[in-house]
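Chain IDs A, B, C and D follow the sequence of writing; residue 1 opens each chain.
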Amino acid sequence: MATSDAEALVTSHDPNHPANLICELCRKFYTLGWVTGTGGGTSIRHEDKLYIAPSGVQKELMKPTDMFVMDYESKDYLRRPVNLKPSACTPLFLAAFTMRNAGCCIHTHSQWAVLVTLLCERTSEPNVFSISTLEQIKGIPRGYGPEKAGNLGYYDTLRIPIIENTAREEDLRDTLEGAIREWPDTYAVLVKRHGIYVWGKDVAQAKTQCESLDYIFQLAVEMHKLGIPWVKQ
Amino acid sequence: MATSDAEALVTSHDPNHPANLICELCRKFYTLGWVTGTGGGTSIRHEDKLYIAPSGVQKELMKPTDMFVMDYESKDYLRRPVNLKPSACTPLFLAAFTMRNAGCCIHTHSQWAVLVTLLCERTSEPNVFSISTLEQIKGIPRGYGPEKAGNLGYYDTLRIPIIENTAREEDLRDTLEGAIREWPDTYAVLVKRHGIYVWGKDVAQAKTQCESLDYIFQLAVEMHKLGIPWVKQ
Amino acid sequence: MATSDAEALVTSHDPNHPANLICELCRKFYTLGWVTGTGGGTSIRHEDKLYIAPSGVQKELMKPTDMFVMDYESKDYLRRPVNLKPSACTPLFLAAFTMRNAGCCIHTHSQWAVLVTLLCERTSEPNVFSISTLEQIKGIPRGYGPEKAGNLGYYDTLRIPIIENTAREEDLRDTLEGAIREWPDTYAVLVKRHGIYVWGKDVAQAKTQCESLDYIFQLAVEMHKLGIPWVKQ
Amino acid sequence: MATSDAEALVTSHDPNHPANLICELCRKFYTLGWVTGTGGGTSIRHEDKLYIAPSGVQKELMKPTDMFVMDYESKDYLRRPVNLKPSACTPLFLAAFTMRNAGCCIHTHSQWAVLVTLLCERTSEPNVFSISTLEQIKGIPRGYGPEKAGNLGYYDTLRIPIIENTAREEDLRDTLEGAIREWPDTYAVLVKRHGIYVWGKDVAQAKTQCESLDYIFQLAVEMHKLGIPWVKQ
């Protein structure tokens, strides 16, 4: 692809163009403490292309020209910025895109997510975070397809699977795909001592779920400190 | 109503026009963590009209054209944005407007409010939050009408009723109205495991009360952690 | 004084003009949680005049034209904005200006300050907060006059007097003046279950001390939670 | 050096010019609570010159013209702003520049760093902070030179030396240099009850390490509160 074509892929005055939107989202996520120290990542599927933030950069300073662009069908890069490395999260983002038809996938290192996995490590169910009877649970979809339309209700129990972390981020692929298969309704997977992957059909659904989950994780840590059980008895 | 008239209802260069003000307030509430994950809502009564933020949207990104406008007398919508849903809080906002002549009603999912309801669940008085002898209590009005003019004093005890949450937000209406009747002086009602409704005669009173209450709830949670009783003995 | 003269007192393009600076400071203090819910206040002495933020307003929204201006010599108001009330802190600010020749006095409702007074309530010395052996102590001046020039050292113990709160803010005047006399080196007085008054020879000294003290109070609360004594033994 | 030449040293439209970048970094660090109350400092080595933020100023308000500029070879000041004092951190920054060939050195008073040193004081190893099995550890380089290229891995243990604080900041020089020699792989040194010095080959590496370390310290304090050991057993 000619250089000018590769530039055109990330050049737009529309603030909702994926290359602009990823930069704006990451600035917001930085102030929330989700992607500091170059951690985390974000990817958007737009028509037949994937837009992916690069690896190892200051996430609040990214520019549209830092974006990697991949052809969704062939998985070939249409655009690879010189001097930048593709995100190690790419195979994990692809799992959400291909297995759950996601439109956006967000990976954060939220401290509340990490603390929740550490607290679950000590329970009899270290591989799932469960919480019930909180209004904010309504921010999370019930599952996929017409018979699971709509969001969870107040009396439902939200369950998010937790997978083991691996030495290399790419190596999470198999267990992440396994968790997605094992939990066919989930829109998120926690990674032990690491963070979380959250996706949705579009940017708004992925981002607002990320917010709802982080709210719930922070509340869960405070509830634990105050001796209040996560699942109402 | 013609489209141009419906547009005129939310088009103004005045930053204090309700349609502009709701957007500005929600941006502020988002940074405070009160309305993340599409939670919460805000409504302003202006002359003979109600302006109400829509349901299920990213609250920090709202535009004036996203506002619902209702005729206060007839309760008919004068403006319903296409593709947006009216807020499920609408009947609850109406309770504050009609029963207490409010000019603004704010609903947040503040984590401190939720934690306070969780801590009260374990006490002998699970249906009321009580705290005394804090300067910030002076930010809350004493009640309604000339004989209750002015705000609470330092030695007074602030009491905010707590109602049970329901599966559907609309179903809170009866218990919220009941709490307003049972607590004739209150300007706020906590909802268990959910958040808070706060109102005032105008935007400034509703917003600054919301701030004072959130300050007090956060302090109350910290006091609890440190073993300091809420009501001075 | 003619209206045009009264307006000239608060009209300047210089961001360091007291009327502009108080607004800018209060916007910053609002984001720090020090003056939410209309709490707190700020006053600057400039040449022969005092500039004072009004009572009961949203501190992050103040405009220069909201400022009260007082002739420092006569204590007469040179400017009283219509529809606004002078700050109840005024006599307390005056104590710092007249007794300690302050150039700026800041009053906050910092939650960390309040928590520190609550923790001191339970000790054998409820009327003074003491902490030692922290680098940030160096942000606080040693006292007044040439023989007390410079700031506290790392091994010094910082002591801030704590006074009882009163029903009406104006009534703090006598005890605040008493604490200033009893603690001739102090640049700050904590008010139990209320907040803190901090002053300095100029805005920079008052504001940076306010920051250093708040940092120290927050650290002190965390130290208490972790079982670490405030004064190194 | 003529005044105009001294001015030219800090005058540039390039946001990445060291004099501009230090101001921008310190504004960011202020909002993170790392340099409030005039605490902390930042220095960048650019070609044959050092740019250093002054002592005792409001770090979020600095202007490029406030910068000190030193000739790296001779250690002579090429530019000394009138009415400002050189940073007491200067000899400490120089230790990182000369002993580890750093391109940027950052000093913060992060409360999490201070709390971590306080928690280590009570352990059998008060002079080193150790933590393992957290994804964010990957934000820290393994060491120096080709055989230590790349960053730490998930299963590695991160170790940051802790030195005693001294009455005067300049007096930290000997112990800081000692710690750098004793810990040849470290990119950071904690100072007990004071804060941290962090450096890197360039601004991006120093800043993102600072973020990763602060994230880890905050997590470590929370882990301690929840009874979770820092080094996985």
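Here, a residue touches a chain if its C-beta (ideal position, glycine included) is under 8 Å from a C-beta of that chain, and two chains touch if they have at least 3 such contacts.
A quick map from chain label to UniProt name: A, B, C, D = Methylthioribulose-1-phosphate dehydratase.
Since we're looking at a predicted model, the values are computed, not measured.
K.L.:
Could you tell me which chains make contact with chain A and chain D both?
P.N.:
Touching chain A as well as chain D, we find no chain at all.
K.L.:
If each step moves to a chain the current one touches, what is the fewest number of steps from chain B to chain D?
P.N.:
The least step count works out to 2.
K.L.:
Rotating chain A so that its CA atoms sit on those of chain B: what angle is that, to a multiple of 5 degrees?
P.N.:
C-alpha superposition angle, chain A on chain B: 90 degrees.
K.L.:
Under the over-half criterion for shared residue numbers, do copies chain B and chain C use the same patch or different patches to meet?
P.N.:
different
K.L.:
Would you mind checking which chain's C-alpha centre is most distant from the centre of chain D?
P.N.:
For chain D, the chain whose C-alpha mean is farthest off is B.
K.L.:
In angstrom, rounded to a whole number, how far apart do the mean CA points of chain C and chain D lie?
P.N.:
Measuring from centre to centre gives 31 Å for this pair.
K.L.:
For chain A versus chain C, what separation do you get between their C-alpha means, in angstrom?
P.N.:
44
K.L.:
Residues of chain A that touch two or more other chains: which are they?
P.N.:
Residues 225 of chain A each touch two or more of the other chains.
K.L.:
Could you list each pair of chains that touch one another?
P.N.:
The complete list of chain pairs in contact reads A-B, A-D, B-C, C-D.
K.L.:
Hey, which residues of chain A end up touching chain B in the complex?
P.N.:
Touching chain B: residues 133-136, 139, 153-155, 204, 207-209, 211-212, 214-215, 218-219, 222-223, 225-226, 228 of chain A.
K.L.:
Contact residues on chain C for chain B in the complex?
P.N.:
33, 36-39, 58, 109, 111, 114-115, 118-119, 121-122, 165-167, 191, 193-195, 221, 224-225
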